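The structure under discussion is supplied below as structure tokens; questions concerning it will follow.
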Amino acid sequence: MISYIAKRLGTGIVLALLVVFITFLLIGTMVEDVARTILGQSATPETTAALMAAKGWDRPVPVQYWDWLVAAVQGDFGQSVYTSLPVGPAVADRLAVTLSIIVPALLLTVVISVCLGVWSASRGGAADRIAQGLSLTGYVVPGLLLAIGLVVLLAVQLKWLPATGYTPLADDPVGWLRSITIPVVVLTIGGVANLTAQVRGRMIDELRKDYVRTLRTRGVSSTAIIVKHALRNAGSPALTVLSLEFIQMLGGALIIENVFALPGYGSYAFNAALQGDIPVILGITAFGVALVTVVNLATDLANGWLNPKARVQ
Amino acid sequence: MSTSDTAAPEARVPAWRRLAKDPQAVAAFAVLFVIFTLGLLAPLVTGHGPNESDLSAVNAPVGSPGHPLGADESGRDILARLLHSARTAAVSALIGTGVALAIGVTAGLVGGYFGRRVRFATEWLFNLVMTFPGVLLLIVLMPLTGGDYRATMLIFGVLLAPGLYRIVRNLVLGVKHELYVDAARVAGLGDARILRRHVLSVVRGPVIIAAAFMLGSSIAVQSGLAFLGVGSLEIPSFGAMISSGFRNLYIAPAQFLWPSLALGLTTASFVLLGNALRDALEGTGPKPLKIGSGQRVAVAPEDGDGEGALLEVRGLAIAYPAPNGSLKTVVEDVSLTVEKGQVLGLVGESGSGKTQTAFATLGVLPAEAVVTGGSIRFEGRELVGLDDHALSRLRGKEIAYIPQEPMSNLDPSYRVGAQLVEGVRAALPVSAREARQRVLALLERVGIADPKRCFDSYPHQISGGMAQRVLIAGAVASRPKLLIADEPTTALDVTVQAEILDLLRDLQSELGMAVLLVTHNFGVVADLCDRIAVMREGAIVESGDVRDVFREPRHPYTRMLLDSILDGSAVREDRPAAERSLT
Amino acid sequence: MPTTSHRRGAAAIASAAVLSSLLAACGGQDSSDGSGATELALAAFSGPNSLDPAQLVDGQQMFVWSSILDTLLARDYETGELIPNAAESWEYNEDGTELTLHLRDDMTFSDGDPVDAVAVAATMERNRTTAGIVQVKYGAVQSITAVDEHTVTVAFTHNDPQFLPNLALSTGAIGDPDTLDDERTATDPIGSGPYTLDTANTVPGTTYVLKKREDYWNADAYDFEKVTVRVLQDPTASLNALQAGEINAATVQAQVSGQLDQNRFALQQIDAQATAYLDILDRGGEQWPALGDVRVRQAINYAIDREGILDSIMAGVGMATTQIYSPYGEVYDESLNDAYPYDPDKGRALVEEAGYEGTVFTIPSTFLSTSYESVLSQAFEDIGLGLEWEAVPPQQAQSAHLSGDYPLSFQVTGFNSPEADSVSHFGASGYSNPRGYTDATVDALFEQINSTVDLEEALPSYRELNAYAVEQAFEAPIVFTGGLWATADGISLTTTGASTISTVRLFDVES
């Protein structure tokens, strides 16, 4: 098991390095634009060349990559061109913000979706229509519309919650909770729409399976059949959907982060990409791939727990 | 479902016609049709161009002359922009999905059909692509795309491809060794031709469904990026309009509302359409099961006299709703009686309604089924109309069930022992410890060599024969009065069949159980049964003592069935047993 | 002078309305008790790229760095004049090749060391030799000498009229010579300015918290004990923050100002902070002969409905203009604004006369141009020309402008100084003139300007250049973009527009 995890993490690291190299190749073409952007109106061919030389951007891509790699192994991901801050800690800080929105949102999504999906799949009729209606509403109402509505009502009018900004959990837990409430609600509604449909579908499939009939003929109670058996078997595909949703949210939380001026990972990536902040783009990419690897590994391990067939030997 | 005659009979209606009858599909399709047709006809619908600005109309409210939906911050007509945005959305959807289809389906066919090495390569490549957080990558690649939404959608299509790849690859792996594909290969058809003719037809349905969802998500992603300001705002798109509306939110809230609604409706319609397509192409749109409320009944249960045979079925009729809403009867006026300790063979071909009858007795008919008439009495108690809770007092204790397909009837997520213990404890008031010992003893009794190991195994770790023994152990754990066995040997290897039959016979005599044995195999009947009932097309055509019927079958159908055995054309492996009991 | 404040790519998210307001919003804490605030919370459009003196960016980024690093000179917010700051006086030699700066003697760094000639000379020398955004401004500097403890001389290869006004900006920032080359300089330098960075409460790129230094030589001039700069790129987010009391001053879109509670917020309008103009890049007609014809350039100027754009897109906040010099300065000439009344027919006639009707130009579409694009396309169509916008991502906007691939480009640039603005717009090395087009008249005027050391004396030449540029239609100025400030807690603006340099002193507390 441990060697399996080590192997998967190792693959993840190799993948991250590869992806970063591809990114290097891709953005290698834009370094001159970036140098000009940094220099602004004082960009002349001479100053641009000087700046590129000072940053080491005039060297061949493999050389730059190697240097980056050597430094990265030692935990140094370089400095942002636009804030002069070390990339590693900056990305970690940004990830913390995004994770503190995504993780509660996903947890809520799971709880609500499972309840709604199971209720809908095992009750049918009105319950099913209500759950499906809620799920559809989540699809139709754009998250942004909802976000704005909540901000105007809860922050601007009632002043219960902050309209912008983020309070770190360690500084002030209550403030943290207040600052993530609206973003989490908005993300949750989108997630619930998607996951409820998944859970419902899987549960319906599961409840029609032969073993459910057999369990019923043994006198096992409906609740035990639904919760203990069907839900557990439905859980594994739903978990995969969930992990995909997590990966999506990593970048997709960006719109929410912008609206609420939250210093998150998505908006950091977005700004870095717009500005061509090369070290940050590389750091974001490396962390992103590493995180995705970890999430995928965690998903597979959880899947193994839920589904013995998928268990690693 | 493993038993072929349990599926609700359904007329083979073409998929599109089923789709046309689904209100959800019709509504979604209508919305999309209206939106995109209006987009296509935009120049005819509105006199304004999408970027034509009229400074006198800046932020004009809804209903202004010449601007039915108002105008935006640059004095551009909102209706015109909305309609042209629909065009952009359509182009985005087509590019994103088109690229995903081209790459995903091709690679899926190749990866699934050809050898391991090719598959390894494609697998590795697509895993790599899946590792990228999509939106993030699109943003990072902005300098390459130059912000052009078409280029962006092209890349997005590549990112969507792995999803399709997996679907197609799995389907292809599934059909690759199907007989008809092998036959085609033997017939000398080239790989390309086989892929096109045989394999593609199998993957078509799931791919169409996935494509519908991808169309929606392409539009959503394009809008999201446009909202963030990636790309030219000259290109009218829902996202760009939402972004501009968002800036003007406090000035003219309606500007935000229109594109939001249009985007929401479009993406939601694609989701609905995808769901409807799934329903239409993959058979039934699975409806939720009402767990616990018992079978649907369309007949008032008769008052019983409280006395009589162990099981007495009278005039039982079962129907399924047809696509047109009417009920189609699949079992009609079935009556049979099982006395204490007696073994009744319920015989018939696939689809004759014998399994339906067995399920009705157990109270586990599929949710769609309706009991339209008759009564089922167990020791005089009426079972028709009881819910799961009421039935649970009988099920597992007095009446037990052995299914046809052993593997699918075990929950794959739990160890064999845990499942049996759960059943025992649901049926009998025993402690966990006692239940465990009882189960171990039972496993030994049903002939499992290493009960302890079997107890701790997962279903996928044991063989089919062993699984059937496990299910038998589960069924007889509570010493039921009536055992309903539905084709208990059909799914097993020939060598195992006889052993299982022996086991059943031994247990029957040991426990003095009555058995309702559903089978299509006269050999099994001859081997085990006291009485026989022959079913055909939902009705019982003949019943009586096994010897009598075998000796002197009255109904031509029975005769035909018997003749076919004696010809030796079927179930040869059972002949020794049949001969033994006949002589 | 926020000439570069738009560069930050994040700007893409922001609306044109916010872009047009070059200054960051400011704000303060939520206090409805009516007492004067001692805290200011600013919503800036971007945080500082770096606090390293050699990498400082002017514009909104100044809010943070100018609070930490003192500048040699400053500008008077009421008159716009260059005034003493760290340097209490200065003089040029006769031909403008040597500048002598006399420093105050009561200045200290935040670590207690004196701010003296050595520090100034060390910073300047480092700026001159370090690759980066400030270096180019030292192009004419030959050497820097600390003559005595409080005197620095700067020797030039030739007179550089832009140098002195730049000393009120990044060029004049003073860093600590002991730590200049340390890593901390970029993010948390030893400061010479009125505030220190509260690193514990600062989230770089998002929130900057500044604490006042009581030992700063001019501490009395700063009203706020604490300044928070919030980076808010989205105008709606910033309005929400303002209304929710999370900041106490911000620029707002004119159209929404009615939303604000008049009892809580004071509104002040600045009419001109920057120029929005259509830059004609190929003025010589090298690649696009049509633009080499003065009639076509003039036609473009006639085609633009400046008042219409001002009233609609800008909601009246700003000024229509045909020239690029600040209306608060001395080069600006009111009468020139009559040069090109909105007259598309006349424009079309000029285009036809020149024989270029039907010519279509491609132009980069950037986050700056979005709100103007449709109007400008329309304007070109009206005079028989065409305009095709080509999307360019933010990090390539600069390159696209300079690449020579485009005949035109839409720009919004803030005012710097008459000296710098002249070079930037019309000089052979000017940013707005990447093909370096000049003619005899322009050359002669620049020669005049460059050989005159005193601005007053050079003014006639500047005015002549302005008039000539308008007549020749080297560019098509559209409007001066303004800004509408909403402030709370008794905070008010110290300027009506004469100077809009983004420092904390832009604000004070009404007594």
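Going by the order they are written in, the chains are A, B and C; count residues from 1 in each one.
The criterion applied here is as follows: a contact is a pair of C-beta atoms (placed from the backbone, for glycine too) under 8 Å apart; a residue touches a chain by one contact, two chains touch by 3 or more.
Worth saying up front: this structure is predicted, and the values here are computed from it rather than measured.
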Most central chain, judged by mean Cα position vs. mean of all protein Cα atoms, is A
Chain whose mean Cα position lies farthest from subunit A: C
Strictly by count of touching C-beta pairs, the top pair is A-B
Taking each chain's mean CA coordinate, subunit A and subunit B are separated, in whole Å, by 31
Subunit A and subunit C have mean C-alpha positions lying a whole-number Å distance apart equal to 38
Rounded Å distance, subunit B centre to subunit C centre (Cα mean): 65
Multi-chain contacts in subunit B, i.e. residues touching at least two other chains, fall at 142-143, 228, 246, 249
Note the residues in subunit A that touch 2 or more other chains, in rising order. 30, 33, 148, 258, 270, 273-274, 276
Per-residue multi-chain contacts in subunit C, two or more chains: 12-13, 236, 393, 395-396
Can you check the complex and tell me which residues of subunit C touch subunit B? 12-13, 15, 17, 235-236, 239, 253, 255-256, 259, 305, 308-309, 311-313, 365, 367, 370-375, 377-378, 389-393, 395-396
Within the complex, which stretch of subunit A touches subunit C? 30, 32-34, 36-44, 47, 50-51, 53-54, 79, 81-85, 90, 93, 148, 151-152, 155-156, 159, 162-166, 258-261, 263, 268, 270-271, 273-276
Within their complex, state which residues of subunit C touch subunit A. 3-4, 7-10, 12-13, 47-52, 55, 57, 130-133, 135-137, 186-187, 203-207, 230-234, 236-238, 240-241, 243-246, 393-399, 402, 413, 424, 429, 431
Flag every residue of subunit B that touches subunit C in the complex, lowest number first. 51-53, 55-56, 58-59, 73-76, 142-143, 146-148, 228-235, 244, 246-251
How about subunit B: which of its residues touch subunit A in the complex? 1-2, 128, 131-137, 139-144, 224, 227-228, 242, 246, 249, 256-257, 260, 263-265, 267-268, 271-272, 275, 286-292, 359, 362-364, 366-367, 388-389, 392-397, 399-401, 403, 405, 408-414, 419, 422-423, 426-427, 458, 460, 471, 474-475
